[in-house]
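You will see two complexes here that share chain A, one where it goes with chain B and one where it goes with chain C.
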Partner chain A sequence: MTRERHYIPESRQREKPKSKYFAIGHSMKRVEDTRLLTGSGTYADDVSLPNMAHAAVLRSPHAHARIVSIDKSKAEALPGVICVMTGAEAAEVTGPCADFSSPPTTQHCIAVDKVRHVGEAVAAVVAESRYIAEDACELIEVEYDPLPVVVDLEEAVTSTGDAVLHPERGDTNVALQRTITFGAVDEDFAAADLVIERRLRWPRSGGTPIETVGATAHYDRGTGKFTIHANTSMYNYVGWLIAVSLKVDPHRLNIVPTDAGGSFGSKLFCHKVCTLAGTLARAAGRPVKYLEDRIDNMTSGDAHGSDRLYDAQLALKRDGTMLSMRLKVIDDYGAYFQYGVGQHGNAMAQVTGPYGITSVEVDLTAVLTNKCQQGAYRGFGSEVGNFVIERLVDAACEELGLDPVEMRRKNLIPKDAFPYIMPTGNMYDSGDYHAVLDEALGMIDLEGWRKKQAEARKEGRYIGIGISTCQERSVFSATEFWMWNPNETPGFTLSSSPESVSVNIDPTGKAFITLNAPFWGNSPETMAVQVLAEKLEMDPADISVGYADSDKGFNSSGPGGSRFTVMIAGAVSGAADVIREKMLRVASHMLEADPSDLEFRAGSIGVQGVPGKEKTLAEVALHAHYFRLDLPEDHDLTSGIDAAYVYDHPVTTMPSEDRSDLGIFYPIVGHMCHIPVVEVDVETGKVDFLDYVAVHDCGTMVNPMTLAGHVRGGTVNGIGSALYEHFHYDESGQLQNALLSDYLHPTLMETPVDIRVGHVETPSPFTEYGIKGGGEGGRMGAPPAIAAAIEDALKPLGVKVDSLPLTPKVLRGMIREAEANGGG
Partner chain B sequence: MYPFTYHRPASLDDARARLAASEDGRPLAGGMSLIPTMRFRLSSCSDLVDLNAIDGLAGIERHEGGIRIGAMTRHAAVEASAEVREAIPALAALAGSIGDVQVRNRGTIGGSICFADPAADYPAGILGLGASVNTDRRSIAADDFFTGLYETALEDGELVVSVDFPVPERAGWAKFGNQASRFAVVAVMVSLAGGAVRLAVTGAKSHVFRVPEMEAALAADFSAEALEGIAVASEGLNEDLHADAAYRAHLVGVMAKRAVRAALAP
Partner chain C sequence: MAEASVTLTVNGREVSATVDPRTLLVHFLREQLQLTGTHVGCDTSQCGACTVHLDGRAVKSCALLAVQLEGADVTTIEGVGGPDEMHPMQTAFKENHGLQCGFCTPGMVMKGIDIANRHAAPDEATIRRELEGNLCRCTGYHNIVESIAAGAREMSG
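The block that comes next holds the complex of A and B.
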């Protein structure tokens, strides 16, 4: 019953991991810091164009309704108003927004005829100031004819008639239903001694960056060209689709990236805001800025994450050997799709976790409801899978009386099994999961905490220790977006997801790197600088970084799916090879030595084995720029030093026709072990952290300090998902907490005093230097570990954790119920 | 925000005159509650009369009868005051539990009690410690000051000048705050003075209230155990996303005991 080993393409790695590095692996301070921390960043709202007007959006108070009429006359009459657009008017000039689902769910930047969620745009005003635009919105009179509202994901499965959001897709709100079986699931379940079954609920939460989405658009009537300044990320990947919506040829749209004040995935595309700003600018005949306010962002942005109900089964042997999983999942996608069911493609990358499970069946039902659409959010669906499998593992430990650490140790894939093809066909490139577990156990005093736990229980205090051992897939390949789509109509089956950079060396020997994706809260400049410094043995201070707009930019998928460091390392490394080759050639003439006898050494190029016989990079650069013709005849050696390089995804294969094998699509796989120690105040339901250890293996580390920052930030993000965050829709589809005063985040007061971070480095055999991604990990490992810790704390009461978030109210309710049932 | 006229008078008389002359004027103290509601267009006014430039409204004085805190005194000043920490440490604890550092550096005691947010902390301090509120016209006893949701006994144009706190023998503050705003989900101030107990709860109802059954039990035996079995009915308590009425009623009991323990702590 073992699966055939799949085809694994040969590694294209050129830079092997090294024992000693010049710049990589150093905790260098971020080169972005000075600009950002002194307030010198240019964010979406900092863009100001001559003669610019401002937009505000009137949003639907109804979750589902027909738009009967819109009277905008009073708004248009308000002094300072330039124009007011309804959805019908916008649709005359602008097509539907980009959408990767198949078949598409038609969505306009302003709703046409019907609204499908609270907060959907109904009309937009352009005025001399945002104040006037907001005032004018209040003067627009809209008559609605309410329709039945669907907010419950199980009800959505059976709703028909007027409750159907997109009748053109059929008389159902089920957008996609598909079961895929990988491996011998039936046989494995038949061979099992025990099947653990849990119903698990992962709530809708989302990325809530400080800065909302914004765009400033200008339409040049003379050239017929749009320029849109926006805090979008994928502008050099799929940005041209916004031109399609605006009904101009893609070369007549230039997207200029701004700094992004955080994203967490939510600014991956920002298609609606860009399309809206472009539409309004063309109508107004002036540049128009539109920046979401917080309510706009939370009711109608791209921020909402997975919203899933699982009926999950894990088949085991009595000795704890994990055999197989059956997952039946309903996902509430809200009113539209942005990336199709890509979040479930993503989850298939690591659905069986770090364990040697050989088969899995996934039954996916994606439903449409009257809520904001889902977008991308840190983890992109895989974080939910981690929660599900870890809850099953903990339940199995409970059932079999096994220790959660030993249970994991027994089932973790051993380090000699890599590269490892997991049941869906994805590859785990490398790993040493036991080393990560051991490192974490070495950092936490488990025995000491168990003693303190026992003592505390005598005093009526509830301390708990949890553990999670989770995968962090990184470096997505585009197949994840469409692999679940119907075989007959898979949509746009793109396979490329490259990244590129260009590098110039100026006449003084300093370097300038141009990235083709924006700054959106991480450290792209620092990563690029460290890799280029490594390749050219340059002082990092001699390298600066900028960002290309879409006119000048080329092939870039942008940050997302924890891919950027790996991908720009590949691109920088490739570009640097071209630079190196040219500098060596110039230097060889200057030093009258063969290029193969030369080496880069700390700011110079010199003859190997001959100390002092060298030229500085500045001397070589000056020669290359200004004195080329002084050099001996060298065919095709041109003046200047520059290079552009496109780095394709390091290792991808295509899904099989029948999808019984999804191919290799998310293969650069890190691993983590989180061990939180919590105390639950059983009287209030509040959870406090007493200790927290997080060990990650992200392969070769480019910058341990910034990686640790990612781990800590992601862990706090995961604490939010576990304990506080939830977009709460009531039965009428009203989003009740579309403000940061009610959508609760963990603050410094709710987070551990110190999240103690450890690292293990298992280099990838497929990426340059063996780097793996690390951007999402914290949020992918914290929720199951925290759930386990709380369950452990409340073991005397018999409380079981099957859903998140565990707000004080929710947890106190569970404790009260357990106490009433005679727990404790 | 809707447009308004901003004033910044330098004297109390000038402030009063400007408020009287306005169609629908409001005084502005720290603005920590008023400005957000105006930003969300939940409230508006014709004139905003900023009291921050008026001398003599801020400050903390210890006198024989107790402690007088000027209306424009910032929460951070109360939190840090040696006089308050020495005489009524529970009041310093209350001030230190409000919002975050920025809020405490900006928000004022006068602003807090005049706004009378159902989840504000100071109302419980005023009522639980039996303070009196001095205005430009009169002195109002704590029991008469808070009259409803965002409502006080203040008349049109009446301005709070200071608050007088008697020094209790013991007092304790316990708060269960909202994670984002630090507003009280439920918070309790309890005090013991001359054998009389006052126990005031904020966050749980339309406005701050005392719990006579708990006060009676504590007057007989000032210990957390004395509160065992005394429940507050959940009828009429606030319900929101973060706490339903039953949870709030439960928290009143929990916070009352913790406040008593805090009062008894050495």
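The block that comes next holds the complex of A and C.
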């Protein structure tokens, strides 16, 4: 395909991958662990301020209704209650919540006039204790006037009148409709020997970390300034929008990050809880803590994942060569639209997968329904794309009688084709997909399993083997959030998504790194320490890490889109260059040698080729801090050693005006191959894992131990999405499973005894040291592989897997139906 | 609301307190004693993040009232080992990468010690069965099982 107007910017990589590292690549034990293991972490609920009061929220039992009246007098009269706020009262002082869609949907931290989903806040109580606040909620009397409820995504396309959630956006629940064509789709379909068609359903699930979202807010009347402690992220990127909601200037809001007890995307912003806590603290005249309980989080946490129906087509040649795809998708966004269709921007980064497909058409309809709105969940929409394309590939194998491994091998992009521009215009920076496939096949005894499968079938047991070969795009760029927006209302077309750190060397030569984004369950401190230790050849034990609040922090988008390791490696590396330069300058005076003749040795700086002629980092640091003016004249060499560095996204280009080319926006692309072996109990529908191999290529590995942890954890999230998890709304819009007792995470009994993890390392030519992101990968590869394994197991019955999750009940139903149709 | 008094031992120290009778043990520990290492992850006693030891056995502290514990002996994660003298089970979690976000971890460690106390060399199946009431959303459990096996070995050796 010709792509004259597309260009690949020159790489800004400064640190090339090496064959031998000082600190990178080691499975160093985590820096974060000691405090977390001894109960010394500070999570959202661990913040306690003097004179602090507690809030609880009254939530709507209706999915869609007008609020006719609210009587809060009984609640206000309850001893221990400080104040009760309705949405109308809150709206007098606080504006709508931040929203990135264009045009935006209007969401308030407490609903005004109308509720749009079950669990939406209707009133909030501040009291001396949470117990009293909850009691008071029960005393608030609300009269509702129910409106028609929309829960079905296809019905949402045609709803009008009172069933429309946001009439100010027009008489429709379609939030966005757009078709984009990349490459010669019609020609490719005309040239095809065969078109595979499938209707595929991806269910609504969510990150649902064990810790919910919480904020403790304080409003200082004297200075007019808010301080909000919360387990939020992106607070140094878009946190100022919370100040806008609270109607103060951004410099009058300081957001202090706490540790987050898991996120998986769900705590990407958490602006609503922060806005609510701030609003209540200002009204109460006291610090206020609000922590979601589990039902709050599940019904109104703004973090449900993709909920999509696909009509998908794959055009192929008879020999299995994949040519083109047509995807028609409806996505149920719920009641609000906070990130627009960012999840579909994301999916465009790798919509044609790891295969040499040259054209694709995507017809997207985003609808609004009476459910909790979508947010981010590990994959942010791309995991669904992986499921769709892998299901099509498996269906094609079935149709053409091709082996799923050989079919993939034939279509995988060859390693000499990188950097590779895929049809949407995104770049795959590097890869060796065949090596990943071979590594996975080398780790599993496929032939042995095929034999066992045949023997088991004779005994009436159903064993199946599945495979997926999927992309793992990493390091998001901001354009994904707006590229689908209508040309007339493109919204805020930002392009920056930087990350920054500062590094201080103390007078004893030890280092302190300040991150400007939070700990949300991954290993940012360990990553930063390993990269700085590498750059300065320092003992990792001599480096510690902290987190800046928004008063002191700067330009950091934070974790998300598998970007954090790559981005902080870039920022730490940049800051370390400044530190190195300064240390060399100071040492050159001390050693009376030219800086270019000096080198870093483990823990010191010495003259190249002259063993023993050196100064320790501690000596250099002490000198820089206290004896600068003893040194010879050296223009602009100042006392101390510190650096702050902003690292911009390594490679981004802008989408074209007509969006036939989306530009480069998610270019650091890893790859994975998952091969699960399952046994399906046809009597109960229960799925057991007999083996599981997951091989990932995330470029240069900073820490193989933590990367494997992400792969395993992500894979188990994927098992949840494939087999158990589904936010189930009934037709009246009631969420049927808002507790961990009925929204089923995989427990130890449902997870493989061992997920055997393998690695291939194809360094990125664009990032420092060639690192790629790996935070989401497991969940992006597991669901299609598990679907394939189950379909393979139940092949004798003729069961086809087109939708998830395959709960025991669903599987039993499918098996029963297959048996009734004469299968088996 | 009538207040009730309760006297119990927490992490080896006797504590006397006045509480609202409906106060859950987990809230008593976290809010009245500021022992915030014990976490709350659910409303329905599913997750196990709140696990502490009551008279030497692991219990979910969200499923007990503080006033039930007159004369009881309670140990929380803070009583198990601090940063400078970690318990072998805590060390095993660090060595085996048995935690990511750390939110389930105090509960896992407390349950792990309980398992090790009752089984000299617990095998993988025993650990999995015993841990069924503890949820972790981050790790996929594999390394938690390894950590507990290693911690148990260390404790018995």
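Going forward, the second predicted complex is superposed on the first by the 819 of 824 C-alpha atoms of A that agree within 3 Å, B and C clash if a C-alpha of one lies under 4 Å from a C-alpha of the other, contacts with A are read in each partner's own complex, and residues count from 1 in each chain.
One rule holds for everything that comes next: contacts are C-beta pairs under 8 Å (C-beta built on N, C-alpha and C of every residue); 3 or more make two chains touch, one makes a residue touch a chain.
Given the structure is predicted, the values throughout are model-derived calculations rather than measurements.
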{"item": "Touching partner for A:713 - first (chain B), second (chain C), both, neither", "value": "second"}
{"item": "Partner chain(s) touched by A:812 [first = chain B, second = chain C, both, neither]", "value": "first"}
{"item": "Chain B versus chain C as contact partner of A:251, first or second or both or neither", "value": "neither"}
{"item": "First (chain B), second (chain C), both or neither touched by A:523", "value": "second"}
{"item": "Chain B versus chain C as contact partner of A:749, first or second or both or neither", "value": "both"}
{"item": "Chain B versus chain C as contact partner of A:740, first or second or both or neither", "value": "both"}
{"item": "Broader residue contact with chain A after superposition on the shared chain, chain B or chain C", "value": "C"}
{"item": "First (chain B), second (chain C), both or neither touched by A:724", "value": "first"}
{"item": "Touched partner set for A:601, first chain B, second chain C, both or neither", "value": "neither"}
{"item": "Intersection of chain A interface sets (partners chain B, chain C)", "value": "131, 740-741, 745, 747, 749"}
{"item": "Sites on chain B touched by chain A in the complex", "value": "1, 3, 100, 176, 178-181, 241-244, 247, 250-251, 254"}
{"item": "Residues of chain A defined as touching chain B within the complex", "value": "131, 683-684, 686, 724, 728, 736-737, 740-747, 749-750, 807-809, 812-813, 816"}
{"item": "Contact footprint of chain C on chain A as seen in their complex", "value": "29-30, 32-43, 45-46, 48, 129, 131, 207-212, 259-264, 293-295, 520-523, 705-706, 708-710, 712-717, 739-741, 745, 747-749, 751-755, 778"}
{"item": "Complex contact set, residues of chain C against chain A", "value": "20, 22-23, 30, 34-44, 46-47, 49, 76-78, 80-83, 86, 90, 93-95, 97, 99-106, 109, 124, 128-129, 131-132, 135-143, 145"}
